[in-house]
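Per-chain numbering from 1; labels A, B, C and D assigned in written order.
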Amino acid sequence: MITVRFFAGLREQLGRDTLELPSTATTVRAVWARATDQAPVPTHLLAAVNLEYADFDTPVADGDEVAFFPPVTGGAA
Amino acid sequence: MITVRFFAGLREQLGRDTLELPSTATTVRAVWARATDQAPVPTHLLAAVNLEYADFDTPVADGDEVAFFPPVTGGAA
Amino acid sequence: MIVGLRETAFAPWPLLADAAQAMDAAERAGCGANDAFIGTMRAGGGATRVVRLQLEHYPGMTERMLMRIATDTGARWPIRQLVLVHRVGEVLPGETLIVAAAWSAHRDAAFAACRHLVETVKHQAPFWKREFRADGSAAWVTANTPARM
Amino acid sequence: MIVGLRETAFAPWPLLADAAQAMDAAERAGCGANDAFIGTMRAGGGATRVVRLQLEHYPGMTERMLMRIATDTGARWPIRQLVLVHRVGEVLPGETLIVAAAWSAHRDAAFAACRHLVETVKHQAPFWKREFRADGSAAWVTANTPARM
């Protein structure tokens, strides 16, 4: 299985924060398509695999955690 | 009278920290010459008149305080 | 190093004092400069005045990124002590959002490392702010500059 | 503003906390950023290790220059609170020499103003350091860069 997580505004738009996919998706791009029913990719979408930033071609394997989220906005004014 | 003050290494070299001059010296340059018996001007010597930085042509009048000191070295590493 | 998250309001200065005192005598005697940055929640004004922030993060990844930013900064500048602490959860105006600080022999390294911590956290660490306003509305803050991908 | 001299050893963090808390609620709510610099006495090592500093100043002119540097900095950047405190007299390793801090709405102004305070004091304020070393020698520190005249 692959664990998929969404954060912040993206989590709210999609109406879910996590889901489990069978491990047939082999890249971050494929995980996005599978997890969102082929939703268009938001501008500046970020992704992480196993807690590390990743791009859409990053390979994904069984047991991985894949996260999608908007640009980060922490820190100071 | 004009009050003349020396600070830090300059005070030690000259062996005095303050003196009073009759108010016949009309510029910082003249005060230096009079107060030090025409000693050569140290490199980077700084001067102040009445607690404000001044240059050697700054006029000096009766009652003024004229200070001479080396480059400043306060603050941080 | 003091690196991590805080889930409740905290005062930044005792944290900085602790970090300074945590150095041993030799380390402390070698430090001539400490630059410390404290970011706090601004309220703004008027009807869109922000009365509360929600600071979401990615548990696991956020802590890892903070630690990496800290160690990278320590590798790039001759730093002897470092603080990088970020608030998460519900935040009220005036509360501390981030404390970043660097101690070094000289001021150039301390200033540069501290600034680097602040900028890198802002652009790379997975935090997201949602503003709750006086008029009852709420919105996710959008980044002025996209993070690297 | 907290601007002035200290004749005995002091902890910088309570001073920064006091300055932050001295702002009224509106001022504080407008501040998103505070950069604070703390310069401390370094000891160095070996036979020329510095065991003590004497920090001489020009009473009257030094206080006036610190106040002018503070007000000039406040005129140049949108600063809401500021600390500029410098030690004088006999100083031991690890003790605080200078605290400079600026509070502003945004981090750019806070960083720039704080750095400006530190650099301007170093190059303009009438302070002179004499080092007393472990081998018994003593010497006035000479400036790397001459001050303006």
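Brief remarks on what is shown
We take it that a contact is a pair of C-beta atoms (placed from the backbone, for glycine too) under 8 Å apart; a residue touches a chain by one contact, two chains touch by 3 or more.
Every value quoted in this text rests on a predicted model; they were computed, and no experiment measured them.
Setting chain C aside while every other chain stays in place, the touching chains still form one piece. Put simply, the chain farthest from chain C by mean CA position is B. A straight line joining the Cα centres of chain B and chain C is 48 Å long.
Averaged C-alpha coordinates give centres for chain A and chain B that are 71 Å from one another.
Centroids built from CA atoms put chain D at 25 Å from chain B.
For chain A, residues touching at least two other chains, in rising order: 76-77. For chain D, the set of residues that touch two or more other chains comprises 32-33, 37, 39, 42, 105, 107, 118. Here the touching chains pair up as A-C, A-D, B-C, B-D, C-D. Residues of chain A that touch chain D in their complex: 76-77.
Chain contact summary for the complex, chain B toward chain D: residues 5, 7-9, 12, 44, 46-48, 51-53, 55, 67, 69-77. Within the complex formed with chain A, the chain D residues making contact are 32-33, 105-107. By the touch criterion stated above, chain D contacts chain C in their complex at residues 11, 13-14, 16-17, 25, 28-44, 93-94, 105, 107, 110-111, 114-115, 118. Considering their complex, residues 37, 39, 42, 55-58, 60-61, 64, 86, 97-98, 118-119, 121-130, 140-143, 145-149 of chain C touch chain A.
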